[in-house]
Structure formats: structure tokens, C-alpha cells
Amino acid sequence: MESLIIILVGVLTTVAIYLVLSKNVVRVILGTAILSHAVHLLILAMGGLKQGTVPLLGEEAEIYVDALPQALILTAIVISFAVTAFILVLAYRAYQELETDNLGAMRGSDDE
Amino acid sequence: MIGEYFGVFLILIGSIMAVISAIGILRLPDVYTRSHAATKSSTLAVLLSLLGTFIYFWASENFISVRLLLGITFVFLTAPVSGHLITRAAYRSNVKLADSSTEDALEEVLRNKKDV
Amino acid sequence: MNNILVLPMLLPIIVGVLLIFLRTYGRIQAWISIAAMVVTAGISIYLLHTVQADGILRLDFGGWEPPFGILFVADSFSVLLVLTSSIVTAVCLSYALISTSKELQTMYFYPTVLFLAAGVNGSFLTGDLFNLFVCFEVMLLSSYVLLTLGNSKRQLREAIKYVSINIVSSWFFLVALAFLYGTLGTLNMAHAAERVAEVGQTPLLTTISLVFLVVFSLKAGLLLYFWLPGSYSSPPIVTSALFGALLTKVGVYALFRIFSLIFYHQPEITHTIIGIMAGLTLIGGSLGAIAFNDIRSIAAYNVVIAVGFMLVGLAIATPEAIEGSIYYLIHDMVAKALLFLLVGTMITLSGSSKMAGMSGLMKNYPLLGWSFFIAMLSLAGIPPLSGFIGKVLISSAAIDSGSYVLLALALLSSIFVLYSLLRVFKNCFWGETIVSKEEQLPLRRGVLLPCLVLVFLTIGIGLGVEGLSLYVTDAAKTLLNPGTYINAVLGIIQ
Amino acid sequence: MPAQFLLNITIAFLWTLLMDEDAFYITTFLTGYLIGIGILFLMHRFFGTKFYLLRVYSTIKLLFIFVSELSQSSLLIMKQILSPRLKIKPGIFTYEHSMEGDYELTTLALLLTLTPGSVVMEVSPDGKTFYIHAMDVESSRDSVLKSIKVFEKAIMEVTRN
Amino acid sequence: MYLLILAILIPFIATALIPLIHKRIGAFHIGWFVLLVPLALFLIFIMQIPAISNGETLIQAVNWIPSIGINFTVYLDGLSLIMALLITGMGSLVVLYSIYYLSSSDSFPHFYAYLLLFMGAMLGVVLSDNLLVLYVFWELTSISSFLLIAFWYHRKNSRYGAQKSLLITVFGGLGMLAGFLMLHSMTGTFSIRETVTVIGQYTDHALFYPAMFLVLLGAFTKSAQFPFHIWLPDAMEAPTPVSAYLHSATMVKAGLYLVARFTPIFGGTAEWFWTVTIVGLITLFWGAFCAVRQTDLKALLAYSTISQLGLIMSLLGLGSAALHFGDGEQGALYGLAIFAALFHMVNHSTFKGALFMVVGIVDHQVGTRDIRRLGGLMAFLPITFTFAVIGSFSMAGLPLLNGFLSKEMFFTASVNAVSLPIFGVSSWGLLIPIIAWTASVFTFVYCMIFVFRTFFGAPQLKKLDRKPVEPSIGMLISPAILCVLIVGLFFAPNLLGDHLLKPALHGIIPGISGAAPHISAWHGFNTELFMTLGIIAVGTLLFLTFRSWYKIYLIQPAGWNFTVLYNSLLQDLKRAANWITTHYMTGHLPAYFAYIFVFFIAAAGGTLISTGALSIDLTADSPITTYEGMLIVVMAIAAISIPFAKSRLTAILLNGVLGFSIAIFFVLFRAPDLALTQLVIETVTTVLFLLCFNFLPEWKTEDSSKRIKIRNAVIAIAAGVTVTLIGLTVNSGRLFESISGYFEDSYELAGGDNIVNAILGDFRAFDTMLESLVLFIAGLGVYTLIRLKHGKGPGKDEH
Amino acid sequence: MNINDVILKTVSKGAVLIILTFGIYLFLSGHNQPGGGFIGGLVIASAFVLMFLSYDSETVSDALPIDFKKLSAFGVLLAMLSGIAPMFFGGAFLAQSFGYFNLPIFGKTELATVTVFEAGIALTVVGVVVNIILSISEDE
Amino acid sequence: MIDTILTIALSLFILAIILALYRIIRGPSMPDRVVALDMIGVNLISGVAVFSVVLSTHAFLEVILIVGILAFISTLALARFVERGDIVEHKHDR
């Protein structure tokens, strides 16, 4: 299962990076969103999967799954939400001011 | 034990209904008819499976889950609203009715006003 | 209990949050935030002395002993950087007090700067890798906000790139953390270091260390500096100065920490790669610095050069080299802040960022001119200013270790620094004065005061190196003896 | 209705206090609640409103109507989905109802939506007319018209005095 | 007693005082105050002569950075004393001269501040024992020179000259620094004296020769040796007193000083001998050759200075051979060259100083230095003319003037060199006197040009700005003193030789034995005399027939010289830098991402493969159920469909499916808290996307070329594969148990059953706190992004 | 024809009540059950989101006369103050403590300082999410 | 027996999701896709419920309710977007 999830992570990463490499701002943002999905799964897989029960002590089990990655992912999810919210608004403000969502038109130059 | 089997049975029925609804989503001719499948049979499917779960826990652990009941209520309350919202949105965004449609009482009120 | 250790991060945050409630009072906000950073600097000085006296300090948050909880660890290296960054932030804030528009001041400029400083200080102090990620994010989010504050077209355009690239670099960070956790089962830096030392740095661990290298190189602008010139040259002056002084340094710090504490067992792979990257960075930065006529871009590429320079020290990784890098790190924070503040002032005065748009500023603004002159010499590593000692130590270490290519690149890059800034000085300060005495924009009173403080600092650090040497030597010693750090964290429980 | 319910709770609480036990027991509270029901049943005319448990009963009845409508319509749709050839004639028709107030209107709309083969698409601005999409206009129109009175009555039993 | 340190500090202190004093003294010329500094210092150093000529040395030290061995150690021996006297003596004369030279529109405080700064720095250079301290002062001289050249910075040429000199000298300085550091790396000391004593053990060290050449690089650039000489003519944009002081008498001699100082370290090797000698000779010739064609008097003097510096340099090279022999007859024979070098260094300062002052007077009095506009000034400026004759005839090496003596010694040394039995001199050695002689012919010619074209012939008063008259007496004092010295040294050279040059020689060649050279004007009819006579004859002929052979200067193609090379180097460098930089710094985000991912693939993927880390082991995996597999299929399909989505809304929906599926994975993997969070966040994110989409355009199909798309796909796949492979390897090779077992006692430790929550709220509460701060900052950012628009203040936003 | 949202609005009212209750439940039960400050805050925030979607932004703003920026600032402050408090009792920064108390009505109850911390987090989350949505939706 | 049935049921729910996913990808209209997403959400609720039975844990009962809530909110937001573009309206727009 872990290996399969890691391969899934690879697929998500590939798709996300393909999007990130595109010229359209929204595609890039979408790509970053998928990237974060991928890495959350990866962290989970790195903690080992299904080797125990839900990390609630009331469940009275012998072993619990690794709770630490879960806590880390939770933090990461919230942070990536914050960043996504920011860049989305940034994208639309940039579109308002620059009248383009094409990164090709946002090159600018160091010597302008 | 009977209770548990009954619960599981409800779940199974629910799952079969879910698949049928999904087939409906593929098969039916336009978004309006598809939404019927989504708002009705699909909703019933989920209600059945939730009920099955509820009964299962009741039977096996003597556990009455308020959260499940709340979930059932919520789905029950909102499913028709979703159907209402989607079909309205579809019509207002000019999604055509299927060719087999016979009448369209909204057309004159909505489209004519829009043209003005 | 060393609760005081959390203050360099906590104090700016609390003050920053409180300032939210004082939003409309721009000047009061400024004074309070300056005071906060000055106090932070004072605390750092105290910490610095305590570290000398009692050895490495640590604070286990919530009382959870490492490696289970998060902790702050203060050794000379981190505290020196905290101190410098706090001072530089205070100076930049006092510049903002005078120069920033009312509009920005009431748009949460000061709180955001304080959050930035908090993120920076936290990154220096933390002893936990995941917490480092979180501190980075505090810093980055603040930098995003600061970068866009003002909302000019250019800012928005560059911000999109900056934010996107940093999102990807944060992603790499998480990926690296995931791999590390999967392999070592811990997040505590010292614990990870101990575990790596225990099994030896397997090829897999080396591979993982290179993912970290990608992350921190992106932050530091080591070879992967594409994002830097654009974003450092678009926001308002103070923001640029803070970026130029602080942001890349955090990446540099992290590179030093990670590759001296945890992944130092395979230097023939990791440190060689770092060396190659540093060399290429020096070349790229040098070329960039002379390629353009926009003084903001020139300043930004100078940031790149400095990064390459410091990382030469890590690539060599002898005590002398590391000491040199630390000196250079401190120097560069001060001098880069100075450079950006001066460049910003020039742009404000002349209304243009092109060299062609300004001439003869020396006549009307001699103090500005002399400050720039000293900043130029300092950045070029001309003695006895602050850049000199780092240059000497790194070069000397490069010779001792036989890294002649890096030596040549490092020294030649100073010529490029000098030339690039000399062009600015020659074209902007000298020459016929375009604007007559009557028409010149008055230099608002006090604008130069913060710059003069930095000028004084760069001279003072250069002449008073000996005063720092105790701390720098200790910092380098700790970096090169990971055991000290590991013992302080995992040894006797306080 | 809420007033009666609150009163009932108050009585139960009073009861619990009067019992003066060393801890809070839910059983005591329930006893108090039952006693409250009795008192309120005796007194409800005094308030000039319907006894609230009657309304609860109507609500449950309404709920059953909901469930049965949902089941019927689901079965109908599944039948149509699974029939080898789709023989439906969908369409949109109007219906004017006699409900008053948002709650009544909404409940009726939800009910209608769950009625076999129909979905309320729009409500006219004055709220009086529903525009209903039907899977099969002819059969739906009939079934809607047939059951509509039942619905309206069931709803009014809940909402009106 | 820290006399020497004080001597270095006094000019700096005076520099700092200048602004203060300038405000106080009113009409009184600040130059008079400044003059006190070099005068006092000169006297101090004069007073050291007895001790030094007895062979003593003064050493004083103050700690600076003891932790790395950089201390302020200064010492005074014969060599430094000569330099110090030159610096302070010439300094006094130049300051005196400048008081009359500067016009009232010039900024005196700046001028004198720079001048004093230079003086202090120069004293630092010659008195430092510590290599790094020497370097510090070395760079300071470059900087003060830079400031003085650009004294009239509104002139384009001044700016150009200043930049050029700084770039070249700092470049050399950096090389020198590297050389110093290499020396330190070998010997472990920064002290010059200590280095001299221990260097013998390191001559086989790999760094020995690199260090040598790098130190020479510093010396050559500073002393304007070929091909680095190009900055000196442009430095003539400085006020003439500066040219007299820095660019002929003192600063340019710092390189010579350095070579002399390092002779005991590197001398005695063939590399040093040849490099110094050849560079010196080429510079000697090239400078003299170029000087002839100059039409600006100062330019002529500049090239002449280059030439003379080359002469001294070559002497130092020739003399270094003495170190090979050490104590003995031959050592003394070749050591003579060093003696001559030192002697000529002093002489050059006297006559070149005088000549610069002459040019300054001419320029000051008639408003031009252009030879083509000058002529016949002898009648109008008789005193100045006298100085000019004395100075240039001395430079030409004519008898009765000190230049004759040192020139003769130069010839002696060059003739001696021919018979040098070492370093393979025998094959090419004859070239040394030939070049020396040829160069001296040209020297003679330009000296004559200087005198005759300026002071003889028909006056062209129409072309002059003012009617020429003698300047005020003050301006004549300094050149007069120098002329007295020029003549005086001819008649009493050994006063100098015995008290100053000999101790210096001992400093440079410690082992030199026997009677020190005795300077005498008459050696009988030897080769040297004939050489001199030949120079006079051929030189006069060439001077008279100048027009007929002038064309040889046109052989050199126009636009091909080292200055053009320098200019085009800078220009091409900028152009190339711009071309290269703009080629990869395109500002195009996709390109930047491509670099980053390619680097990641190369670094991480490359290491994974090349170190053999890759290993995949599936045995430890937990089993897969049907529905899990199906869910993976759902996610894969949803993900892969996203790039192909025709509309952004479809893409968002698919992303939502991904997000919801991940939440279900969180359920399957026993992570309820995560599932909850993921679900809410996903929904809120979707809502945000939709909110923002209202303001954004529908996306168009990616208009990139097929090639770019394929490139992107390749990068994406490679990066994905890299992540996967590392992940699989990690999964197969877990080295340690996780620390998280500790948290399973969360109920006892933190009073909570929910382990994840206990971690978030207690064990790692700090992360959580900061995470909420991150969220908070993002909220602020969104707010400011939207509210802060151009022309729309924050005013109307509070409820 | 104008849009008549009466169905949606009516159902939303009920749904919002359910969601808010659920959110508070999640927040409070997080210590022993899934939930906690973040999740509770997020769910509460999503109740507000639902209100925004069902009504117009002015109506919601009027109904909730709170400056959500200040609310979130207060949240951050609260979380931090709960961390600072133990420093005055000789504990480490962010040291949480808990104890079991016999309370009237509730019986044996666990009280933990972490609840204050989590309340701060929850307030921050609510404040930020609503602030973001308000900011965007009020832009024109 | 029960486990087998539950596994079958879970698989069927996910099969339903896959079918709905096809509709999301194919469209053709946006409302079609929204309908399909709504259906996926509903099936996820069932899926989580059944999985709770499989593991016989109460840990995911909150998740069930949350999915219900969020599926509704998403559908509402998407429907609004399809209908009007701006999903949060202003009073003065009306």
C-alpha cells in the first residue's frame, strides 16, 4: 500500500509540475494546490500506513498509527491554505492591474 | 446479530442504489433529468447507508450516534435544495433541455425578460 | 528555564499583533516597533554573553524534552545572527518612520515587518526541522505581504513569481522533511544529527540532503536565484532593504546548520556540489551586477554575489572558512541594508531608478554620497571596513584547502562588486549636477540618520573585529563540532 | 410553540432543583420533563395556542410523508434509469400554491422536489408560483396535483394554529 | 613610545580635524595648517636617520585582531625611512605649492582631506610589518588617489580616470592580497620580517611561485608597469600638485617599495629576476617611446614617469640576482643595481616633482599645457624655465645633475647583467643593455621636447588664455628647493648614499657584504660613459629630425592600444554580461521553474542513481483492498484529467475531487482529524477559487508550442519519477523507529485521548501557534492587497 | 425574472445553526475526540461561508458587527498569552497543564489550559477565513 | 460474511464515484459537472459511514456530517458561480 501511495504521489507531482510549468497563472496556482495534496499524502506514507488504529486512546488498541505525521500534515494543510488564499487574491489583483493572466506577458526586465 | 445484518443489508441496498444513480447520471439525456437522479435516488442511497450504519452500531455496541442522526437530517434537509439550485443555475446559464422535452414554461418568463 | 530564549521571536509577534489595534496611528506604531526591535537586540546581547558563559542554551517549549517537543537552541552562531538581524530591522524601521507613506503605515506595514523579523529570528533559533519550516512560512508570508504592499504593477508582477517560487520551495521542504522523517523517524535537528552519525550518512541520506539543498538554495539564492533580482528590486525601499539584509541570510543560515550539523559526513558529494553552486553564483551575480543600468537591479545582483561568497566558506568548511563566512554574513546584513536604503533614497530624490536619470547628486547631497561611497568600499571588501575580514578568512581558507578556482572567483567577484557600484557612484553622484540647488528635493531630516548608523556599524565592525572574534570563533567551533550541539540538546536534561 | 417548550424545560429544571440530590441525574430531569408535559397539556388552552406535542406529532407525520415521497421517487427514477430505453418526456411546468411565509413555502418546495419525477427550479419573485421540472411531464403533473393538497394540509398542521 | 604609529595616525587625525578647522579659520588658507603635518613628520623622520644609518630598526606594535594574527606592527628600517622621507618631504613641498596653485573655487577641505588621507595611508604602507595591515593601507592609497583624481568630478575625463585607476589598482591589490594569504598559508605568519627569516624552507612549496606572481601583480599595477600602465596617463586629470605627489613621487613608488621589500623573500630565483627585469625594461622602453609623441605636457610627464618606474623596476630585478650569491664579491656586484634603484627612486622624485610643478605653473599662468600652443615662454617665465631645464636635463641623464649619476649606475648594472652566470642570462642577456640604451635615447628626446617646445621658438601668445608672467613667489619655492636638491645630490651623493641608501640596501639584501657602493661622478672612459655620449648624439639627431620619423607612431594601428583594450573590455564585458544575463534571467516564471526542477532532478535524482542508493523493497508494505485501489484510480484519473480540462471550473471540480479523495484516504489511513481539516479546507479553498474566478478571465488553451509542452512534460515526469523513486527507497530502508511512540502516553502526559490533538495543542503547540500566525498574516495580506489600490486609501473600510 | 432565494435562505438558516453547534462541539471535544481548535474554527467559519453564499455580504456584515481582523488578532494574542502565562509560574513557554475537578452538574471534569490555547486558534481561524472572504467579496 | 458485504458495498460506492467522475470530465455543461460532484460528495458520506463499520470505530462519525455539510456548501457555491459568476452578492446589485 505504501508503495502504491508513493506512486500516486509521483503521479500527482507530475501533473502538478506540468501545471506549474505553464504560462497561465491560474494553472500555476492549481498546480501548487495539487503539489500540496501530493506532499500531504507523502508525509502520511512516510509515517507508515495502517499499522494500528486511529490515534484516539479511547479506541483501546495495542498499537496506534503514527500520530506525528498527522499533526504535521494538519499544520501543513493550514499553511498551504493560507498561501493559496494569498496567491489567489494576488493573481486577481495582478490581473486587475496588469490586465493579463499570462506569465509570458509578465516578464518585465531588469533594465526597464 | 439480526440488527447488525439488517444494518449491513441496508448499506448494501444503499450501495446498489448509489451505483444505479450513478448510471443515471451517465445515461439520462440532460442535466435536468440527471439532477433528478442525484437529488433523489442518490440521496435515498446515502440515507439508507447512514441508517444501516446507525442500526449496526446500535445493534452491535448499543451505541446511539447523535452525530449520525444529525448527518441524516442534514442530508435530508439539503439534498433537495441542491437539486433546486443546480437546475436553476443550469437553466439560467442557458443549458438546453433535452430534445425529448415537451414543454418549457420558464422560457417566456426568463428568456424574454432577459432580452429586454 | 531559559524562557528568555523565546523572546526574540515572541516579542515581535506580540507587539506586531498589538499594533493591529493601533492601526491608524502610524508614527506611534513606528516607535513601538523600533522599541521592540531594540529590546530584542538587547536580549540578544544578553543571550550572547550567557552563551559564552554557560554554553549552548535551550528552551523546551511546553517543557517537553527533546526530541519529542519543539525547542529553541541558542548557540553563538544563531544568536549572532539574531542580534544582527534585530539591529538591522530596527534601523530599517526607523528609516520607515521617516520615509514611508502614511498609506502604507496604516496598512499594517509595521506589524508585518515585525512578523518578518520574528520569522527570521525563529528560523535562526529553532532546533526542530519542522518548526524551521513553520518559521520559514512566517517569514515568507510576511515577505509576501510586504512585497505587495503598495500594489504597484511591478510589485504585483514580481510578487506572483516570488510567491509561486516560494510555494514550490516550501513544497520541496516538506518533501525533504517527509523523506527524512521516513528514514530517521525524528524531526529534532540534534537527534537527526545523532542518528545520522550513528548509522553513517548512507547514500539515501545524502540524496535526501540534496533535496534540502534545493530548498535552502532557493531561499538563500544559491545558484537558484532567478527569483531574487526581480522581487528585491520592486517593493518600497525599506522592504527591499529588509529583504536584501535578512531573507537570503536565513537560507544561508539553514545551509550552514544542516550541512554542518547533520549532513557533513559526505562532503565529497554535498560540499563539492555546494562549492560548484557557489562558484556559479559568483559568476552569475557578477555578470548581473554589471549588466544593467537600473540601480535597484545592480543592488539586487550584489545580494547574489554575497550569497555565493558566503557559501564558498561552507564548501571549504575549515574553521577559518566558517569563521570567515560568519563574519561575512554579519557584515552583509549591515552593508546590504545600507546599500538598499541608500539606493532607495537616491531613487526617491531623483525620481528614477536609471543611472541616466541622475547625476551630480554629490553636490546637493554630500552626506548621501559619502555614505554610498563607504557602502561601496565595504561591500567590495576594501579594508578596514566590515567586509574585509570575512574576505580574508575565506580566501585564506580557500588557499589552505587548495580551492583555487573558488579563491579566484571570490576575489574577482569583489572587483565586480566594486565596478558595479563604482558605475553607480560615478554616474549618479559625480558628473554635472542636473538639478539646481533651488530645485532639488529636500532630503527630509533624519532620513540619513539610519544610514549613518549602518555606516558607523560597517566601519565599527571592520575596526573592532576583535570584539566579535570571541563569539565568531565560538560559533565556528560549535558548527564544526556537532557533538557540542547534540550534547547540549540531547544530553543532560535541564 | 417555543414558549411552551421552554416552559416545559423550566418545569423540569425546577423539579430537579426541588429534588435536591447530591448530583445531577438525567433521570430526575426526565421525570420533571414528563410532569411538565402533563401540566402544559392541562394549561395549553390558557396560552391560546395548540398543545405543542400535537405539533410534534404533525411534524413526525410530515417527516414520514417526506420519507415515503423520497422512496417512491427514487424507485421511479431507478426504474427509468434501468429501463432499456428511455421513454421519458421531460419538461417544465408551473404550479401556484397557497402557502404563506418562508417556512411553509420552503417545506412545500422541498416536498415537491422529493416528489417522484419533479424538481422545483424557480420560485416567482412574489413567491406564489413554482416552476417545476419533471422527468416526465404528463405523469408528474398528475401526481403533483394529486398529492399537493395532502402536502399543504400536512404542512399547515405543523405551522398554523 | 609609539612614535611610528603616531606618525601614521597624525595625518588621519588631521583629516578628521579639517572640517572643524575649516569652519573656524575664515579667510586664512587652510593649506598652512595642513602644511604643518608633513613638515612635522618630516622632521620626526629626519631625526631617525642617525639611528637607522647605524643599522638599527624601530619596531612598534599595537594589537588589532590578535585572534587571527593581524596586528598593527610597524617598523622603520632604511628602506622605509627613505620612503617616509619622500612621503613627508615631497608632501610638504606639494602642500606648499598647492596653496598657491588651487583656485578659490576649489574645495580646499576636500582636497587637503584626501591629501592627508593619502599621506597617512602611504606612511602606513611603508611602515607596516604586517602583510594585511600593509594591504589595508595599500587599498587606502588607491582610494585616496581615486578621490584626488576625481577632484574635479564634474569633468568626464576625471571620472573616467578615477575609475580606471581604482579598478586597475584594486584588481592588482586583490591579487596581492591572495599572494599575501598564500604566503601566510606557507609560513603561518603575516609578519614580513618573520617571513624573510623562514621563507627559505618553503621555496619548494607549491604556493611559492603563485604567491610571487600575485604579489608582483599588485606591485606592477600600482607602479603602472606595462601593461597596467594605462591608468597613469588618465590619472593626470588630477590637480597638478596631486600628480606631482601621488603619481610621480610617492604612490606609484609603492609598487617599487613592495618589490624591494619582497626581494629578500622571492629574490634569488630566476622567475623573480626575469619577471621583474623584463617587465621593468618593457615599461621603460614603452613609456619613453610613448612619451615622445605626447602633446600634453602632463601626459608627456606621465609616460615619462611610467618609463622611469620601469627603469627602477628593472634595476630591482637585476639586483635581485645578488641574493643568489649572498655574501660575496658577486653579491656586491649585482647588489649595486638595488643601490642604483634606490638612488634613482629618490632622484626621480626630485626632478619629476620639479617638472610637474613647472607644468603646473605653465598651466596656471597661461591656461594650457598643449605643446602645440606653447613656445617661447623662456622670455616670459625665466625662473620657471630654469627649473624646467634642470629637471629635464637631470631626467635625460646629463652631467652635473643627480639623474646623471643614477643613470650611469643603471647602465653599469645592465652591462654587469650581461655577464651574469646564472638564470640563463647568457643567451639573451645582451638585450638588457640594448633596451636600456634605446629607451634612454627616447628619454633624451622627450626631455628635449619638454624644454625646447615649451620655452624656445616663437611664442604663440594668441593661442594662450592669458599673457604669461611669472607666478607668485610662493609657487616657485617648492620647485626651487627641488632644483637645489637635484644639483646638490650630484655633488654630494654619498651623503644620501651612506646614511640612507646603504641601510636600505642592507634591508633588501641582508647578506650583502663589504664596502657599500660609493657613488662617484667619474668612472673614467668606460662603457657607461660611451653609452651616455651615444644617447646625447643620437638623441639630439632624433630630436632635430623628429618630423621625418614621426610616422613610426602611425604604424601602430589606430584604436589598438591597451587603453582601447581596457575600454572595450569594460564595454564588451557589460554587453556580454547583459546578453548572458538577459538570456537566462528572462523574468519568465515557467523558465525559472524549469531551472529549479531540472536542478532538483539532476542533484537529487542524479545522486540517488549515481550513489547506488536506489533500492525498492515491497515486502514491508501493508496490504491493499479493492476499494483502496479503486480510490487510487479515482485520484489518478482526476489528476491526469486536470491538465486537459477545457475550462478552469472543470479543473477546480477535479481538484475538489482530489481533495475529497485525499480526505477519504485520511479516513482509510486512520486520520480523522486530518480528514476533517482537509475537507473543510478543500471546500473553503474551492469557494475562494470561485470568488476570485469572478475577477479572472476564463483560461485559454495553453498556447505554448508543442516543443515546450513536450519539454514541460518531460521535466514533470522526471521530477515525479525522482520523487517516487526516493520515496520508494525511503520506504524500503527505514533506519530508525519513529519517536512518536512517546506520544501514545498523551493521556498521562497531556491529559488528552486524541493523540494528534495533544501533539498540536501541547507537544508541538509552538508549531500550532505559529501556524495560526501564518494564517493571520495571510489574512492581513489579502486585506491589504484588496484595499490598497492606487488612489484609493484605506479610509472607508472599518465597519 | 429576478432570483427568488427563499428556499435556500430558509434552509440555510437551519443549516447554519446545525453547523455552528457542530463546530463548537468539535472545538470542545477535540481533546479526546477528533476535533480541536483548528477544526472547530474551520467549521464555524464554514457556517459563515454558508451565510455569505446564501445571503449578500452586507446582510451578513450587518448581522455580525465584528471586525474580523481584530477578532483574529485577538485569537493570536490569546493563544500566545496562554503560552506566556506558565512563564510566570516557573514553567516553560507554552507549558500546558490540566487537572480533574469535581464540578456541580458536570461531575468529574477535566479542565485544561490547552482549551484557552485552542480557543485562540479557533478565533484566529474564524477571523481570518471570514476576513478573507469579506475582503474579496466586498471588492469591486 | 459481514466484512465481505461491506467490502462489496464500499467498492460499489467508489464505483459510483468513478462513474460520476466520468461525468465531471465529460461535462458537457458546467451544471452537469456540479451535479456529478454533488453525487460524489454524497457517495463519500456513505463510504465513510461504511468504513466506520468496517473498522468499527466512532472516530469518523464527525467526518460524515462534515462531508454532508461541505458537499452542500460546495454545490451551493458552484451553482452560484455557474449562475451568476460572483458567488457572494452585494445588496446594491439587486
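First chain written, first letter: the chains are A, B, C, D, E, F and G, and each begins at residue 1.
Rule of thumb we're sticking to: a contact is a pair of C-beta atoms (placed from the backbone, for glycine too) under 8 Å apart; a residue touches a chain by one contact, two chains touch by 3 or more.
In this text, all values refer to a predicted model and were calculated from it rather than measured experimentally.
Common partners of chain C and chain D, by the touch rule above, are F.
Ranked by distance of CA centroids from chain B, the top chain is E. Interface comparison, C-F versus B-G: the higher number of contacting C-beta pairs is recorded for B-G.
In terms of the distance between Cα centroids, chain F is separated most widely from E.
A straight line joining the Cα centres of chain A and chain B is 31 Å long. Chain D has its Cα centroid 44 Å from the Cα centroid of chain A. With centres defined as mean CA coordinates, chain G is found 25 Å away from chain F.
Residue positions 109-110, 120, 122, 124 of chain D are each in touch with at least two other chains.
For chain F, the set of residues that touch two or more other chains comprises 1-3, 7-8, 11, 15, 18, 22, 26, 32-35, 38, 43, 46, 49, 53, 69, 73, 76, 80, 83, 93-94, 96, 125, 128, 132-133, 135-138.
The set of chain G residues that touch two or more partner chains comprises 10, 13, 15, 17, 30, 34, 55, 59-60, 62-63, 65-66, 69-70, 72-73, 76-78, 80, 82-83, 86-88.
Screening every pair of chains for touch gives A-C, A-E, A-F, A-G, B-D, B-F, B-G, C-E, C-F, D-F, E-F, E-G, F-G.
The residues of chain G lying in touch with chain A in their complex are 55, 57, 59. Residues 63-68, 70, 132, 135-136, 139-140, 143, 150, 153-154, 156, 159, 162-163, 166-167, 170-171, 174-175, 177-178, 181-182, 184-185, 207, 570, 573-574, 576-578, 580-582, 584-585, 587, 589, 591-593, 595-596, 599-600, 603-604, 607-608, 611-613, 723, 726-727, 729-731, 733-740, 742-743, 762-767, 770-771, 773-774, 776-778, 780-781, 783-785, 787-790, 793-794 of chain E are the ones that touch chain C when the two sit in their complex. Here chain E touches chain G in the complex through residues 625-627, 630-631, 633-634, 637-638, 641, 647, 649-650, 653-654, 656-657, 660, 663-664, 667-668, 670, 672, 675-676, 679-680, 682-683, 686-687, 690-691, 693-694, going by the rule given at the top. Chain G makes touch with chain F in their complex at residues 59-60, 62-63, 65-66, 69-70, 72-73, 76-77, 80, 83, 86-94. Residues of chain E that touch chain F in their complex: 672-673, 676-677, 680-681, 683-684, 687-688, 691-692, 695, 750-754, 757-758, 760-762, 765-766, 768-769, 772-773, 775-776, 778-780, 782-783, 786-787, 798-799.
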